Each structure stands twice: as structure tokens, then as C-alpha cells.
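Labels run A, B, C and D following the written order; every chain starts at residue 1.
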Amino acid sequence: MIKVGIIGGTGYTGVELLRLLTQHPQVQVQTITSRSEAGTPVSDLFPNLRGHFDLVFTKPVPENFADCDIVFFATPNGIAMQSVPDLLKSGIKVIDLAADFRIKNVAVWEKWYGMEHRCPDLLDEAIYGLPEMNRVNIAKARLVANPGCYPTAVLLGFLPLLEAGLIDPQHLIADAKSGVSGAGRKASVSSLMGEMGESFKAYSVSGHRHWPEICQVLNTYTTEPVNLTFVPHLVPMIRGIEATLYGTLLRDVSLEEISLSLVQRYQDEPFIDVLPAKSHPETRSVRGVNRCQLAVHRPQDSNMVVVLSVIDNLVKGAAGQAIQNMNIMSGLPETTGLNGVGLLP
Amino acid sequence: MIKVGIIGGTGYTGVELLRLLTQHPQVQVQTITSRSEAGTPVSDLFPNLRGHFDLVFTKPVPENFADCDIVFFATPNGIAMQSVPDLLKSGIKVIDLAADFRIKNVAVWEKWYGMEHRCPDLLDEAIYGLPEMNRVNIAKARLVANPGCYPTAVLLGFLPLLEAGLIDPQHLIADAKSGVSGAGRKASVSSLMGEMGESFKAYSVSGHRHWPEICQVLNTYTTEPVNLTFVPHLVPMIRGIEATLYGTLLRDVSLEEISLSLVQRYQDEPFIDVLPAKSHPETRSVRGVNRCQLAVHRPQDSNMVVVLSVIDNLVKGAAGQAIQNMNIMSGLPETTGLNGVGLLP
Amino acid sequence: MIKVGIIGGTGYTGVELLRLLTQHPQVQVQTITSRSEAGTPVSDLFPNLRGHFDLVFTKPVPENFADCDIVFFATPNGIAMQSVPDLLKSGIKVIDLAADFRIKNVAVWEKWYGMEHRCPDLLDEAIYGLPEMNRVNIAKARLVANPGCYPTAVLLGFLPLLEAGLIDPQHLIADAKSGVSGAGRKASVSSLMGEMGESFKAYSVSGHRHWPEICQVLNTYTTEPVNLTFVPHLVPMIRGIEATLYGTLLRDVSLEEISLSLVQRYQDEPFIDVLPAKSHPETRSVRGVNRCQLAVHRPQDSNMVVVLSVIDNLVKGAAGQAIQNMNIMSGLPETTGLNGVGLLP
Amino acid sequence: MIKVGIIGGTGYTGVELLRLLTQHPQVQVQTITSRSEAGTPVSDLFPNLRGHFDLVFTKPVPENFADCDIVFFATPNGIAMQSVPDLLKSGIKVIDLAADFRIKNVAVWEKWYGMEHRCPDLLDEAIYGLPEMNRVNIAKARLVANPGCYPTAVLLGFLPLLEAGLIDPQHLIADAKSGVSGAGRKASVSSLMGEMGESFKAYSVSGHRHWPEICQVLNTYTTEPVNLTFVPHLVPMIRGIEATLYGTLLRDVSLEEISLSLVQRYQDEPFIDVLPAKSHPETRSVRGVNRCQLAVHRPQDSNMVVVLSVIDNLVKGAAGQAIQNMNIMSGLPETTGLNGVGLLP
């Protein structure tokens, strides 16, 4: 049994970790913390968990994690970096679902996140937790930076085409759309249903924190830094990300060949499902599950390839991927506890 | 392994049966039929099932069910009664998720369903598949009539209070609200998102087919026929039923006592979860799972008790309850394959 | 031209007042205040108003209202009572869209609103602004308490039947459902789309502030205080209230007769639209407009009458009704500026 | 008074024409047809229109239009072309909200619409009814082809930049998202709320009928045919289109200069509202009104300009634009009857 702690359990990634871990046969959740809800039974806050957990939120003090093998941070950005060094010293492995360890360049991180980094020396050691590109390193890691939701959807679509040299790294566009749970579970006017419901908009077009994260990874696949335009949008639904990715083909290659490059790249990946070319993946097909569905198009046989990529932002884009990483770090079969079926309709 | 067949697999209860059965360790789905989609892989129609099933829709001909132990009908009303007699003769057990065998009185059935019944002689034998009131009979049944979604939510709330003699059978009101998946997956203008979205209305107020079904069951708990007013409404969401039930108290009994009567009635029921009095159950807490959450109120200490009851109409209100019945009929632990957690948010 | 001021313009009733007043030929909005947004152009906060208003939010200081004929309070409860006495002294009429002047009994108000009333002496003078019952008094009023959204929907449905002596005041049930804009535009976790979307629940069942308000009005139509059970629910949509009202018939009266009592009661009312008996009014039919649609049912010819009532909570339930009151108080035709058509779909 | 006829009044553009025309002081709707609903009062089908129209649907026979000045076709594609020649001969002007007269090249039309054109000789005469580019011709037209919803949103964003020579016509991407009312009001499984709700997907990526329409217009602004990639998506909301447009800058031009080119291009346009650069227009701000809101971005000062464009697909994308065209064709001020404010929230 892996003994697990969750720091920051009152947000959507926290409750999603709990939901998914109830299905995991090798995990025991030892402790879950919340500064504001300490003393409250978890199932009072999240009645879907009634009967599945007897946990009570505790204060995030070190002694509560003493016997954990691994700790998930489901906290806002800037929290994990305050206690990760101590946890690592105690021999506890860490998976941070926030952004504290995703960016290697501390200056870039501090610019985009607007605060000073507390343990920049750990940035090198931290492994970017996208198993489909980084599995070997994750297996050996003490500290995993779980990828952002948009980066997961975008990278999984672009990587095979960049690896295969099919598209021009200087003309990449990612038009991404997210359900509102991506904005988290904190009180804010802009996230009210009265504000987000029955409406659609782009946001942060001039600059979103996931842009440098995506670029950093893409750049490891190219000789020159990529030129990526990334535009996120808000969809009036709760879960799901769809990324529509545009690449300019470097040579005349058939749609079948393009599709094949994805199929082959992911043939051994349990959580990546390449649909037949010209399919239209829907976010609902992956609702609640740790899966990315992809499909490619080449409209009007032009020089433009379009990749469609869907994930559940709270699962493959957060809690599910974190558990996938935990499985890898723990030597378990990667799919342990992650065999659910998308909730459709 | 129980060998299962599903007749009518293209509707929402069909795909939900498949989704839930992927999690069932003792079931093998042998065949799934669809007149219109015969030849189509199931996962082409429902991409959430990709990788979980290799099934292809077949025509609903008898030989396709020859080796099944149990067959689920997930068809429109009036279909099951055409072939159930033959299936039973072949030694196959049947669970009908439609309404063909729910009403004991054939004249009542024919009035409300507007057609002639094909095998009225089976109505007596058919067991109403609400395990929380009928478990023993279900265990011995060849033919189970799976309850309607509204009846499930309404009956589970009213029964304990009627059994305890707390409320007046002559003044029962059930104000019920359902997500749109209750209307099924057939092309119709009234079920378009353009018609149902961002709006709320009552429907079938002057008479809904679930009214005689609910009354029939309630009447078994009372000496006089009950006087029930049942008003269904349509909620602009996909899954979930909430029933707000009003009963007039026959004597001055405290809220705690009322709540206790529910708690005690359901203390051994794995799928009924009585929340503390004055709670407000939400449909999302039971989304995707075979669970009913209940809570009671007595506003202003008046003579009126209010019971709040929520289920997922496609699970405890249809496919999940059908699998619960299958478990009982097959001698399996009742919760086998039904341990999921509600998808919140 | 009526010179109008709006105090508290950043909430949903504030922007709705502005939207509706752009269509009013006899009104000039002089000033709109917001403590938090003073200095911000109104159309920066609400881009739908771009090109329709040049207004800038100002601080709510008396001099900003000096030349107003009438002032609307679109503030949280407890704000209006702080400055209404001064405004009245200055000869300015007031319409309070909040609850400060709705309850006549100061002890009841203080119990339900949890604060001390600042000007209880004005409670007697304040006129309850439901024009369909109070038009003559409104015309003479200096201070109008604009009704709550739920009370508007419930009262308009019950009043004709109580007036006609058709139903028993001791057995009234109002099962009401509201869109989320009813919760206002303030930051709160419970109003996030992630919390309210795709789910349905009852709330405040044990006691909601609109219960004493509804009772107070109903009691003026009966000899004994009524026995009303009022249960509000939250619908995952933005605008609209539907109230399903249950009354026990005192005598055997046909559905046609019941329906006729509503038709006759409202035959001269421009904003009340009685649909044929057995109709099912939808909230979308009145979206954005100052209209209440009603229909009656008598299911199974039982002793129970069901009235269905729909309004837009922000219009007939708030801003539209306030403008209707303003028209009456100003001697204008009551429908001035209120002739829109519901936004369907 | 302009005497107006509407052919095909049971769809969403039909009811939207009626809704908007109730606010038009110079129009009298003489007749509205529906083959399937002939004899039904319009307000039975659309209760939001109760009290605003006494119209009854009639059969679409010529004599019903005899005294009309102008006729709107709100029919499926392929219907208008069957009777437009006769109407024009009778001296009646026509505005077709469907696609029959949008494409000049009959072969292209027949390829994309899959049928033979009945009156290809009229294609040359038909004027493409986008007033912001074609006002003078519309004023003189007998036959106006009202633009598609996507083309309206896309063209209004791209045209100023192409006219100003700022972007490369060989690298145009339009990533467009539409509410579900764009799919119309016909029974179909794919448009059920159970299918479209709470999910997001791209569709028709390999080829959508609006692609040749957009290209045809863009080509009139360039020397070479443009290379446009157009990807439509479905948003789980009812109304609204957002188009995110990507253009590659031909020279280093500041964001301010880009924004200014839009501001200047549209300075006299009553229905085009250019927001400050870096704004994020929301579809709700234009809900129910004949307005396009635009804003530009240049993320990370790269060579890519992003234009955000929002309209209500049923208004500026259909019925509102049709009325705008009618005003122009009739010599009325262009804004007559089109002064509403977007329904926010």
C-alpha cells in the first residue's frame, strides 16, 4: 500500500484526486489538509465521497505527513515551493499539481508567476510529469511537476508531428478551450455561473502562464525556439479541454501518413487514443477519465494540418495524470486505478 | 461469469449499461443489438467505450441471445413484451428497463401506454425491481420490471414515512425535476438543446405515465388508495433527478424522529444514503453512480414534512438499478461493480 | 423626462435597470453609484451597454442625487434603510429593490435579516410594489418596496384563487425554482459555475427570507394566517423563476372555472398572461421581459389545483417591476418602455 | 409601412425575425408561412410572441404574398431558389437568409450544397448582404443573399486587416465557435441537449459550407485567392458565435496601429463596435442584438495578430442583419428597429 498525503484538498483537483484514489487498489490516503477547513470531514464538503472516506481535513503541518510515501500538492501556485524541500529531506516523494516546478528558468517563472521562487535549486531536479515523453525520468524522480491542463492537451497533439519533422516550428497555433473548472474553486466574480454561463470568450490572449510552459517543452524537440501562438477560451461547461492545433506542413504528406505518425507514436500508450483521421473528438468522451483523444485533419488538402485534442482538464490535465505519475514512481502498472470509462452523456 | 445480452443499445440507458458493466468483474457482454445500427462497432457510436469493448451492434434476432444468462431490454416501451415470453421459455432471465411489466393492471397499462399488451399473463409474475422494497422476490425472479426513474426517486423518499405511519396517504405531493437525458436519445424538436437549454418548465402536469406506477407501489403500503399529485419538470442539465416530496404529518413528531425513521429503514442499504436532517442533496453528488441521497426538513415546524431525494436518472433510475437487480438475481454481492464515486464537479 | 438615480449599479439588478431604461423614452439616468467601481465607466464593466450610456460610476454621496426625481436602490439588504430617510426629506421618491421595506413587522424583519432596522418608522408608509394588487397605493407612494422575485411569482399565482375562495389557505405549497442570477453578482464559492452548473438542488428549505414576505401578503387575503410551505431550488441556468403552486380545492370546481378566475382577475393587466388551462409555461418565453405567464392544471381531477407561474427573476422579479412601479408613481402609462419580447430561444 | 412576408417561420431565424420586427416601427408582417404548421397561431408555437402578433401560419402559396413589399426566406437551403424568380417578377423584393444565392459560381454551390441550382441566372444579380462592405449595392438590390453566421463574424474581423494590407492572405486561420441554435430547429439526434450539452467539439473540420462563402468574399480583397483554414466548433450554449482569427503580419506594425485600422474602418458603422486592443469580447454582450464586437491582440509581440469577433448568430448572423438589409433596401435609417441592448447576464 502506498501511503498518500494530499495538501490542499478543498479545490477541484483535490476532490478529484480523492474520487480517483477510491478506485485505486494500492493506495491509502493517510491525510488531507486544508487550512480553512481543518476539522471538517471531507465528505461534508464533498458529499459524493460519503461512505468512501472517513477522512477529516487537518492543518498542513509536517507531522501529519510523517508516514506518507508520497504527497500531492493540490494547492494554489506558490505554496508547494515552501515545504517541498523539507518533505524531500524526510524521504517523501512529491507530485506538485500546481506550477511551482514546471519552468526550468527561474527568471521566466518569476516573471510569469509574479513572485520570488523559494527553492530554485530544485528546478533542475524536478521532472516534468508528462509520462508520454518523460516516463523513464519520472520513474526515478523524487519531485514531479505535474503538467498544466492546457500544456497536456497541446503537447500531446503537437509532439508527434514535431518529432516526425512534419510541421514548421515557426508557425504553431494552439487555439484551446476549457471548461470552467479550470478556473478553480475559489470565490471570484468572474467565475460565477452568472458570468460564465451561456457565453463564450477568449481570455489572457496577450499572455497566459501556460505559454512559456508549452514552449519550454516544444523547444526540446526543435533546434530553434518555436514560434507558438496560444489562445485560451472559456467554455460554459464544467469539465473538458479541447485544443485545436494548427501546423504548417513542411512537405506534402498525406493525411493518412500524418495520422499514422500519431498512431505509431502512441501505440503503446495506454491513455492516448488516436481516432481515425477526420474524426471529431468530443470532451464528453473523456469526461472523468485519464485519457487524451486525438484526431487529425487536412482541410481542403492545403498545407495546414489540424490536430484536435481533448482531455478532461481535471483528470489527464491534473489529478489523473498525477496518479499516473505516482504509479510510475512507485513501480506499479501505469494504469492501476485508472480504468474508468468516460461519462457520456 | 454472467453472460449478458442487451437489446436496444443505442439509447442512453444502453450506453450506460455498457459503461457500468465495464467495471463489473463477473459479467461478459455477449451481444448488444440495434436494428438501425447493426454492423456498427459500439465504440463508433460511443467513443467513450473505445478500448473497453470490441462489440458490434447486431440485429435483435433470437439466436444472438442463445447463450445469454440474462438479457436487458433498453428499448422503447412496447418492445420487450414482444419477445420476453420466448426468452423466458429459453431459460433466459430478463430485466426490462422500459415500462412493459411495471403495471399489474393491464387495463391501466393499456390506458397510459396507448397500446395493447402482448403478454398480460406475465404481469403477475413480473417483479417490480426496487431492491429496497422487493429484494427477496427479485432474487427468485425470472422477469424483473426495472422501475421508472421518477418512481425510484419518489418511492425511496415516501416509503419509510408511510411505513412508519407518519404521513397522510391522502395528501402526497411529489414535485420532481429531471435532467434532459430522461427524454431519451431519439430525434425530436422538443429535446433539442435550443429548446431545452437555459429554460425550465413543468410538463405532463395533467398526467404522466409514472403517476400510476408510483401509486401502485404506494398503495401496497396503505389501506386506502393514496391521493398523490405528481408534477414532473425539465431541468437544463443532462443527468439527475431531484424529487421534493411533501407529506402532511399525522401527528406531532420531531424532525429528528422523522429523520431517524429514514436512517433506520435504510441502515443496511448499500445504495441509500440518508444525509443529516436539514441537508440539501445535490444531483451532482450522485452523478454517474447507483445511489440515492435523501434528507428531510420540517419548515417552520409546521405540519408538513419535506423529503429531498436525488438520484442519477440513468443509474439508480435505470442502468445501475438494473445491474443491482442482476446481482441479486445472480446471487452476487449486491454492490458488485457498483462502487463508483459521483462525478463532482 | 424623469431624472433617475441608481444606487448600487454593479449587481445584476443594476445592469438590468440600465438595460431596460435604454428603451424607456421618458427617463434620463442622471447618476449611478458604486463604492467599489467609482470612476469606472459603466460600459467597461458591462460591455453590452457600450454606445448606450456615457455614465461613469460615482460614489454614493447625497449631492450626486440632488437633481433626481426618483432613486432606485439596487443594493444588498440593509443599505437602503441608511439613506432613504434623507432622500425622502429631499423630496426624492425611492424604489428599493432590496428587502429593507418589504416586511411591515420590524421584529419579523430583524429576525429574518439578522440586523437592526434603521428607520422602522418608514415601514408603515412603504408600499409593497406589486402593481397587480397595489396599483392605487403605488401611484401615491413616496417609498416603494419592490417585491422579491420568488414572492412575485408565487403571489401572482395564488392571489386569484384565494380571492375567489377556491383554495384552502391552510394547505398552500410553493415549490419554486430559480436561475442562478438570483444569487447575485458577488464573489462566493457556492455561486461558481463549477458548483452550480449541471446540478440541481433545493436550498434554504428550513427557512428562506421570502417565506415571511409571501405570507404577509397572502394573509391580507385571508381571515386566518395562511399555512404556506415554500421550498426554493436552484436551476443551472441564468435567468428565470418557475413556481409550481399546489392548492387544495375547497369545493368541486372545474378546471375551466379555475382557469377563468385567473383570466378574469388579470384581464386588464398588461404584464400578466394567463395561458390556456393545461399549458406548460417555460421560463424562456419571458426571458428579458416584464411578464408573468400562468397556467392551471387539475391532475386526475383530484382535489388539488396546480398553478404554474414563470417570470424572469431580474425583470418582473426585480428591475422590470421597479420600472413598472416608477411608471405608476410618475403618472406614465404603465407599459412605457416595457414592451420587449422574450428572448426565445 | 413596409409590408413583409416571412416564408418558413417555424425555425429559429423565423421566430427571431418576428421578435425583432415587433420593435420595428415601419413594418407590418402580413403573412408567415409554414407547410407543417399551417393553421396554427404563431404564438402557440412561440409563446414569447403572445400579445405581440395575431398571425397564423399559412401555406406558402403565392397569393399569400401578393401584397408584400419584401419577403424573407427563413427556410432550409434549396427552398428559396424555387420561388424567388416568381416573386421578383411580381415586383417583390427578396432577402434569403439561407444559402441559395450566396455563392456566385454555380458549380461551387452545387458541389457544396449537393443539389442542382434552380435559377443560376439570378446568382449574378443577387447581392451579398453584408452592409459593412456592400451597402451601396444592397440599397439598389431586388435580391439579397443574407450572409451566413460564421462568414459574418469572420469577414468583419479579417476585412479591415486585408484592406489595410497588414496580413498575409496566404496564412489565414479562422477558429470559430457557435452556440447550438446554429444547427437549427429540426429534429436530429446530434442536436439533442443530451448530445450537445456539457461538451465541446470541432465539427466539419475537413470542409464546411461556409468556407467557400468566406473565401469568395475575401478573394475580392486580394489579388491571389486566399489560403484560409476554417474550423468550426460547437459550444454548449444557445446563442452566439466567437471567431478567433489568426493573421500573419506582413510588416512590423504596432498593436495600436492594427487596432486603429479597425477603428477607422468601422467608425461610421452603427453595428460594429471595436473594443480597445487587448479586450476579450464575450458573446453574451451581444446576445439578442445586431452587433459585432471586435478586439485585437498581438501575443508576445510576435508576427501574429489575433482578432476576436463576437456576434449573436441569430441576429447579426441572421435575422438582425436581414432587417438591416431591409432597412437599406427600403431607404430607412439603417438602425430602425435595431436599437436593443445585449441581454447580459
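Simple rule for what comes next: contacts are C-beta pairs under 8 Å (C-beta built on N, C-alpha and C of every residue); 3 or more make two chains touch, one makes a residue touch a chain.
Everything numeric here is computed off the predicted structure, so don't read it as measured data.
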Contacts common to subunit B and subunit C (chain labels): A, D
Of all other chains, the one whose Cα centre sits farthest from subunit C: A
Whole-Å gap separating subunit B and subunit D, where each centre is the average of the chain's CA atoms: 45
Subunit A and subunit D: spacing of chain centres that average the CA atoms, whole Å: 38
Distance between chain centroids, defined by C-alpha means - subunit A, subunit B (Å): 36
Set of subunit C residues in contact with two or more other chains: 12, 181, 185, 194-195, 197-198, 236-239, 281-282, 284, 287, 345
Complex contact set, residues of subunit D against subunit C: 12, 15, 19, 22-23, 46-52, 181, 185, 198, 238-239, 273, 275, 279, 281-282, 284-289, 293, 339-345
Subunit B-touching residues of subunit C, taken from the complex the two chains share: 171, 173, 175, 177, 179, 194-195, 197-203, 205-207, 211, 227, 229-231, 233, 235-240, 242, 244, 246, 248, 278, 280-284, 287, 297-300, 302-304, 306, 308, 310, 345
Contact footprint of subunit A on subunit C as seen in their complex: 12, 180-181, 183-189, 191-198, 236-238
